[in-house]
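Okay, structure first, notes after.
As written, the chains take the letters A, B, C and D, and residue 1 is the first residue of each chain.
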């Protein structure tokens, strides 16, 4: 198939060429005297991404799922009770893991399309005078439904109830793309992965633990070894890892952290909001379709789940998109299988990539019989992009750029 | 700047990932006993791309401009007369070279936007009873104006006049993208380069010489050394090169020739026509603008030069496209500087890449004040793509694909 | 520092250029309809590497340490008894993990430099009439001491005692380098990783489970989730993974498996024996030093631990080698820290790489005051290589090659 | 064939991983407003490599052979007389080119193994009162015989004779490896290529022209176009190229220039002398063989041509080295074909790479029946390396490093 694939699943995301290049490295001795430079620099720079100064980032050669497991087994003991809420496939899977690993869970069932039920959490926590609940989990961004939750609200619920439970957050599909504030929100463990906002292939489970979480680890009796924070922290202290690290991934991470610094975290968040707004303009204003997210306050800036009309199978849209237009969209998972298709709009993206994807989604929908106005989505997104700035005002916003008559290099040229 | 650049200049074109990968090679001894395998296989496979069985492909570590020089100096002697026509920057530059290298040239001046004036050539050749004209040059695809010429027609003009002049053709921006028939059209030297339809970086000047051209070389007295066919042919015969070859480029060429075989030359031509038709639908039906090419028969399937309205500087469109939308468009060169901007649509491209570029061109034009209907170009191209097949009927065309309800892999999944 | 590092730690090993190239891939949808082709082909080809037809290979985005954990948690229940032996840092660490994960362990302590005590195992198993021992673990190749153990012997001990315990084997630093026979030896779980004989970066924990092991999993109650075989096997069945796979690693594995097929497993084993014999010739015949391995039957073909003379710190040899000669040697670990240095000789290696490393080790030893004969090690290894075949007789062995007077390409040439 | 090839031909040389990585770039518009940054920075940094402040570096997408042609055609007119000397295949080929391009040449024939005959040049120039000689050419480093010439001496001969002829120098296999001083030596055109000391693949012909050479160009009437300095200089002035540049090569050059800056030119020269001294110790002291270079003053620090004993064909050594040991050596060319084999020791090299190659050459010589002492060459080179500093005293030389007992990272570790 000629040309590039348009990758619009909500992860893995496009690996920037700079990062891809950085990963082309020969193997080296991971116990050499120069190796600690790399370890220390990535661990240090990860702190800024988590917005923490007191937290401890830990990099597992694993995935976000491994990060979930690390978060639970390092802080809880068998039989401990966890408060959770289910509103999508990923919040569901974490709950499922809690049970499988031998912990108890009190689950608040929500509609898919809603986020963490902050009021309900507040109520439950307030009632839990005996502090049976040892940890509260919250999925910051539910990848299956395109819903972003209010983690600051969860923190407030805990604080209002003066509840000592740990706050464990899944930020796999938000970290580095949607504002996340480890310290300010009092998050105890944040779980993320390499293949989303960090713009790397999958292969690293990246977590950050608060001092309180590390303290909890000392009395936690859940069996663990590969995912033990202690081994990592001990080895990391001198710049090493307890077992052979995934070198290309670490070098890639080094480069992606540099890129994040260069663009600036706040500018990255702004860009994600801006591109997501373009997508939502296409869906809502152009195509006149609905989002799975029930309310604008839930809208995710990294992924949108678009509800297909009754009688249409969302999987068909995805199939046509992939096979006819080389466009990869996300499928509806589990409860919303067939009912939605998803556009991931996170990571290393710009307007034209998004517009190409919207054009492809549009054609695919028309091909399978969805009656939308041809060209309407692209036009709505174009309008949004043309009338909004792609960087915050603090930087020189696009609206202020005067397009000079500067010509593009030489106007003469040979082959 | 986040995201990928949309490269829509008419060369260099996008290097497919497979080719880029193939170029990551360690250096090796280019005089080893295993090296000839590579040389021989690329030279052999190039023949199919030129559509020749009797011609001799030659690969210079240079560019298409070097190929022009090789074509002239290997066949002509100082003072020899060449028949040429000028209708764009590239046909102009080759004429300029003829003079600089000490040959005579009779130039037919044409409007920029027209192609090789076949009738005029026929007339001149018929009159040249003394066969003073030693060579006729023709630019198959004029990259500056988006015009494809009728090389078969030039051959006919030569044959009708029973004229023995050599036919030298510039196919830099057509070879491997637009049908070119070395043997059938009796082309004596075809000049091309690596950075267009062959989907490589610039760095190789690739020519093909007919037996007649090689015969002419024997009596040609123009000074030449680096570009001498003789040194190349002698060394190539045993699988070597007279001087150190550009190894990564040869390995890249090996891979691009394999990709061309896999897709099939005729399918590639079809795809270029199909994508170009989408672009022209956007320009003519959507934006209601004009092309630099004066007549549909001249329309190029690899590059379109779009005329901007009076009072607008085409360079501004390009500047906004690049700086605001990360889209690289081609500038108007020389005589048409400022009057046009160009969209290159050749090489490793598909529908969504083209639609993204059209969306960007559209926004850029609007941004600099060109009054086109927002979204109109994209919608026109989408319509073209949705209603036409992207492969010839011999293959299973897209219109015949039944989109099954096959779902896309698992509908459950974790990070 | 100019030039390439000579990487002679026993893992990670050199990633061949072909594999490195294969890993330069754009991200893609791991749930697309074409993805299963990749999954299925690597899982299938792994079977040959494990020498199994009935076993089930499983690929975790983790490391060999993760593989150890998977082996234990998928087959045992809390409190289960495991028979183990300790004779090096890696056999030690697995034993340590058994305890940390909540199992019981009966450890046979051996001298470091010996291997699995088969007779002792036989004795213990024979006595265990009640079959309290649920699993026997064995480290096929102890990376810390350069010792290879007799897994067939362990199998025989189990069979002789008609003992039903599972046989779990660490083949991290042997698989793909030293003969390993899953089916013939009745191994129930073999644990390996990507960064040794499979010639990839670290990042994959690769295990293979027998039917008996999968059966045991059904009644095993150890908590597990990330490393659960069940999730993997269920998703793998349709060509997918339960969580996002490490794409570049899978593509790299695809290529390394192809290379292994091309060279042939038996030829690879032969090459490892041949290169290791050259190293041992240098150590024993040239330098007149000793190996940590107590007896020739234990000699490992993938790593040699060389005992430095009394009064010398092995770490100094390694330090000089790295800083002065850009040579990475392995350190002595734990009990043998300072007493040995290690040369890893596994993976993508040839004679000259080994000779360069031996030359470097030699100079480093002289630099820190070890009184060896200058040049003696290299000369001894050269002698071995010149007088032995580097491929088995079934292929055309080197000794049979007639060196023709064929010249190397052209004997003329320019830059 | 397992393991890495040992590339010891005198070009192409090993491309450092950093440079290889830098070359993995997407294509881009070479006429964009950001492109000039790259052009200008590489042209500027090349000056330091040529040791010039007044010269103008020019980069052709060609090879060193193209550079020779550019040097001649930009400065001479048809029939002009050039003074030259022949003492190897490369000095021969440049002389051959002079004739083929229509110039006159007075050639001083020397023994192969000698360098530029400075006294003879002085004599001829002194006699040429009418200044018929328009240019003097000199091969700084004759790659075929391993001979470095005295360019300062040639300058002195010109000055002593107050002769206005241009001084054109081939520094293809010396630039960036052996001290070359454009300004100090009054060189008018220096010709080099990318694939030697600049550590890139072949594909760039890099020349530097003095102001005097550029002045001469104005009255030179030799036909030229592709290699015309004028087109280049005009386009380079604004940061562009007259035809499409070889982008990956330019990005690679950017990185190699950075590496040269980091190591320091003088340190690089020192390293080349140091490594070459090790090779010569092996040849002369170890193997007791001779060099093609007739006198120590001619010894080249980038390539050594080793004379094989009577009755032995040097090509056999090379053949065995390549096929049995994966070692690429240079063949004897033309007059010395069969009589010598060459070891290239330039570019990105270190001690262990050289020792591995020497070990391989040693074994290959023994295999074809040359009676040298086994291990003698390696031991002699090792001795040289151990007793000499690999950096000049100004840096902290190796002999001053105190090897601390610092251990190499952790002495515990898992897979």
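Throughout what follows, a residue touches a chain if its C-beta (ideal position, glycine included) is under 8 Å from a C-beta of that chain, and two chains touch if they have at least 3 such contacts.
Chain-to-protein mapping (UniProt): A, B, C, D = Serine-glyoxylate aminotransferase.
This structure is a prediction, so every number in the text was calculated from the model and none was measured.
Undergrad: By CA centroid distance, what chain is farthest from chain D?
TA: Farthest chain from chain D, going by C-alpha centroids: A.
Undergrad: Could you let me know which interface, B-C or C-D, is made of more C-beta pairs in contact?
TA: By the number of C-beta pairs in contact, the winner is C-D.
Undergrad: How far is the middle of chain C from the middle of chain D, if each middle is the mean of its Cα atoms, in Å?
TA: 43
Undergrad: Can you work out the whole-Å distance between the CA centroids of chain B and chain C?
TA: Going by mean C-alpha positions, chain B sits 52 Å from chain C.
Undergrad: Could you say which residues in chain D touch two or more other chains, in rising order?
TA: 4, 11, 14, 17, 20, 24, 26, 29-33, 63-65, 68, 193, 195, 202, 242-244, 319, 322-323, 331, 406, 408-409, 413-415
Undergrad: Considering the complex alone, what residue numbers of chain B touch chain C?
TA: 17, 20-22, 24-26, 29-33, 35-36, 235, 238-240, 242-244, 406, 408-410, 413-415
Undergrad: Note which residues of chain C are touching chain A in the complex, please.
TA: Touch residues, chain C against chain A: 4-5, 7, 9, 11-15, 20, 23-24, 26-33, 61-66, 68-69, 78, 97, 100-102, 193, 195, 201-203, 222-228, 242-249, 319, 322-323, 328, 330-331.
Undergrad: Give the list of chain C residues in touch with chain D in this complex.
TA: Its residues touching chain D are 1-4, 6, 11, 14, 17, 24, 63-65, 67-68, 89-90, 93, 143, 172-173, 193, 195, 202, 263, 268, 271, 313, 315-316, 318-320, 322-327, 331-334, 337-338, 348-353, 355-357, 359-360, 362-363, 366-368, 374-376, 378-379, 382-383, 385-386, 398, 401, 403-409, 411-415.
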